[in-house]
Amino acid sequence: MLFHVRMDVTIPPELDPDVRTRLVAEERERALDLQRSGVWPQLWRIVGKYSNISIFDVTTGDELHTLLSSLPLFPYMTIEVTALATHPSKLMP
Amino acid sequence: MLFHVRMDVTIPPELDPDVRTRLVAEERERALDLQRSGVWPQLWRIVGKYSNISIFDVTTGDELHTLLSSLPLFPYMTIEVTALATHPSKLMP
Amino acid sequence: MLFHVRMDVTIPPELDPDVRTRLVAEERERALDLQRSGVWPQLWRIVGKYSNISIFDVTTGDELHTLLSSLPLFPYMTIEVTALATHPSKLMP
Amino acid sequence: MLFHVRMDVTIPPELDPDVRTRLVAEERERALDLQRSGVWPQLWRIVGKYSNISIFDVTTGDELHTLLSSLPLFPYMTIEVTALATHPSKLMP
Amino acid sequence: MLFHVRMDVTIPPELDPDVRTRLVAEERERALDLQRSGVWPQLWRIVGKYSNISIFDVTTGDELHTLLSSLPLFPYMTIEVTALATHPSKLMP
Amino acid sequence: MLFHVRMDVTIPPELDPDVRTRLVAEERERALDLQRSGVWPQLWRIVGKYSNISIFDVTTGDELHTLLSSLPLFPYMTIEVTALATHPSKLMP
Amino acid sequence: MLFHVRMDVTIPPELDPDVRTRLVAEERERALDLQRSGVWPQLWRIVGKYSNISIFDVTTGDELHTLLSSLPLFPYMTIEVTALATHPSKLMP
Amino acid sequence: MLFHVRMDVTIPPELDPDVRTRLVAEERERALDLQRSGVWPQLWRIVGKYSNISIFDVTTGDELHTLLSSLPLFPYMTIEVTALATHPSKLMP
Amino acid sequence: MLFHVRMDVTIPPELDPDVRTRLVAEERERALDLQRSGVWPQLWRIVGKYSNISIFDVTTGDELHTLLSSLPLFPYMTIEVTALATHPSKLMP
Amino acid sequence: MLFHVRMDVTIPPELDPDVRTRLVAEERERALDLQRSGVWPQLWRIVGKYSNISIFDVTTGDELHTLLSSLPLFPYMTIEVTALATHPSKLMP
């Protein structure tokens, strides 16, 4: 099923710049891997914020929490998860 | 450019049931038309609410406002628009 | 998977008392049916409010939205859905 | 009587990693003990958050406050307590 | 155990004035009865509002919800319940 | 006149433990003194929080502010003051 | 003692225009009387709103609540009361 | 001086359609007049809302309140006014 | 024209006590000077908070911002400015 | 298209004063450059705050996000972006 996920990132300014650079690079790799696997089909930046809006396609809440908490920047994120359903006016291919 | 749009619908219970039925049907037709035209590429229901989360693909704010205010249920909606940008970790095909 | 669902009911005072009585009775029947079927394993009243906190056990967001929107009082409810996962400190039987 | 309790944990990033590891381990032991004793019958993780939703079964507010403030992570938690009552549509066994 | 209860009353202006007068009188009688019985030991008006702050002394959440929902103005109230415990600095007689 | 006062205490984790212990002890002494003097007739703990709800009985706003700002933990408190009046349904002895 | 009072007025559009005109005129008379008596020393309009910010000079919460609830528009107001004290940097004449 | 003004319009659905049409037309005329006079130099629609963001250039709060409350739709508006100052990084012509 | 200004002060506990003492003394001197000059006619403490409510009498937003940002504690303040107008029911001398 | 952008700046007090001075100077240069280029046609200070309200004129969300995140103070800003459209009552030259 699909979940709408918003992630707001707040990295404390006092974090070691090298650690920060490494974390951001690892986050990017992890995000690309998850997108390739099909569980993270949509990912957008919110204009003006260090935030993203994403769609995840998973089978259970356990799977989604495991994915999200595996993100290297997870300790610096505030995450809001919204369960989605098929819209009755959705154009079907 | 892409916009994230959330629409929350509140139809007053005292609305004439026939008017309501007609409005909802017209809304569905309009939504299908806009999806076919390509400006409304994503549309999901929020579980438990008479609300949707959508992605619109338009060129200007004027175009988006014209589309949204043309929806038959527009007078009964609270709409929040969020501007989106390409995410640097987005997997490109 | 499990979802935490809070429902706040606001029936307008001007609703016909007979309609109200019928709706509340139908709501109770529907709630009992869904509990018997196993999809609604927990249901509590919030003290001082016409509200409940519930746990639903469903397979998809579509299933949950179909259940919630089938409730006779759905048009008078504000519903908040929270996705749950297994807690790592949960005592397993 | 039953209480619905939500705990949101915020451990400051600058906390000594060993202290953190020890606190989390102690928290888990304490949570398991309280669940075994019967006062903490339900415990779930909120997807995407370092938070839980729990049900406590205690006799007084004093007992509940003593339990919650005995948790090793209590100084790092924001806790919201909601009093529950039996729902009139609850399916009785 | 003790609960802190805030009640905000909103009677719709269109309510029949006689019904309103009767409800307010019944509410007063009910409040006096509950105070005499010992379950409602404290009751204050909030300055500038049609609201009160109260302390209730009950044994269970079921008892408190039964009391509150028995108030004649309950359908017109928003009620917030907060569970209390003994304060460690409370002066004991 | 009576005031309803809620105090939420947030002591920063990095405060020297000895300073903290001393402040908390001094706070307790001050609270007991003020209760003995009659200006602080009610004091409860909010379950699950490092917070209290209190009733103060003072003659002026100046007197109340002087009392509150004399509390040793005042620099670590968020305080909300609500003016109270006699409730017309209050049971008089 | 002094209280800061904000009053936001919301008169429902369906109120009989004559009743509205009469209420507003009575409100004005009452406000002028209270100002003459010295208990309402300051009164300003908030730009863009049907709201005022006022200072009241009264002896007790009972006196203030009696004054506020005597205002003809009281049933249509949301009122927030804030207790004031002498500021230590206030220029004394 | 300049003020930033946001106006959110909520016309109740039960308003007579002819009255509504007339009010909206009068509002437009009044807005055009005020813009011609120079006191309302900027006016934008917020995408997706029956709202505008405006800049007003007036000499006093009295002048601004008189202008805003003269708008035919004023009774149906929620207005937020923010005082502006020259920004030190503003490019001067 | 008049502005209603609320200032909430938050001085970080780790600030050097001598710096803090000096800043507070300088703030007091500056406040007294501004009151003597007539631009700051009203100043009250909010009971229970390190906050004040003030009235400023200035000609432009630039003048008000210059005054507020000249306060020695400005970097530690959250300030909310509300534009005021003459109230139609204000008693004129 | 036009976007309304509000930027609230929070520079931590512990930031090295030289770094702060340099960042603020670089921010000013960057702001002047962007204004000269035409993408940042309006810029005002909010009275009493380290905040600005701006209008940006850009073609896409990507362009706007690139501009905003290029600001030297971007890591210390909270930014809210609102999409604008032409207002139907806007006076056209």
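In this document, chain identifiers A, B, C, D, E, F, G, H, I and J correspond to the written order of the chains, with residue numbering beginning at 1 in each.
Keep this in mind: a contact is a pair of C-beta atoms (placed from the backbone, for glycine too) under 8 Å apart; a residue touches a chain by one contact, two chains touch by 3 or more.
Chain identities (UniProt): A, B, C, D, E, F, G, H, I, J = Muconolactone Delta-isomerase.
No experiment lies behind these values; they were computed from the predicted model shown.
Asker: Copies subunit A and subunit D touch; is their interface built from the same residue numbers (over half shared) or different ones?
Answerer: Subunit A vs subunit D: different; shared/all numbers falls short of half.
Asker: State the superposition rotation angle between the two copies subunit B and subunit E, fitting on C-alpha atoms only and giving a multiple of 5 degrees from 0 to 180.
Answerer: 145
Asker: Just going by residue numbers, which of A-D, B-J or H-J has an interface where over half the contact pairs are the same as at F-G?
Answerer: B-J
Asker: Can you work out the whole-Å distance between the CA centroids of subunit B and subunit C?
Answerer: It comes to 27 Å between the two C-alpha centres.
Asker: Roughly how far is subunit B from subunit G, going centre to centre by Cα mean, in whole Å?
Answerer: Result: the chain centres lie 43 Å from each other.
Asker: Express in whole angstrom the distance between the two chain centres, defined as the mean CA positions of subunit E and subunit I.
Answerer: Here the centre of subunit I sits 40 Å away from the centre of subunit E.
Asker: Listing for subunit G: what residues touch at least two other chains?
Answerer: Residues 2-3, 45, 47-48, 61, 64-65, 81-86 of subunit G touch two or more partner chains.
Asker: Going by the touch definition at the top, which pairs of chains touch each other?
Answerer: In this structure, the chains touch in these pairs: A-B, A-C, A-D, A-J, B-C, B-H, B-J, C-D, C-E, D-E, D-F, E-F, E-G, F-G, F-I, G-H, G-I, H-I, H-J, I-J.
Asker: Which residues of subunit C touch subunit B once you look at their complex with the stated criterion?
Answerer: Its residues touching subunit B are 3, 5, 12, 15, 61, 64-65, 68-69, 75-76, 79-81.
Asker: Which residues, counting only subunit H, touch subunit J once they are in their complex?
Answerer: These residues of subunit H touch subunit J: 2, 4, 27-28, 31-32, 35-36, 42-48, 52-53, 82-91.
Asker: Give every residue of subunit D touching subunit A within the complex, in rising order.
Answerer: Per the stated touch rule, the residues are 13, 45, 47-49.
Asker: Across the complex, what residues on subunit C touch subunit A?
Answerer: These residues of subunit C touch subunit A: 1-3, 59-62, 64-66, 81-86.
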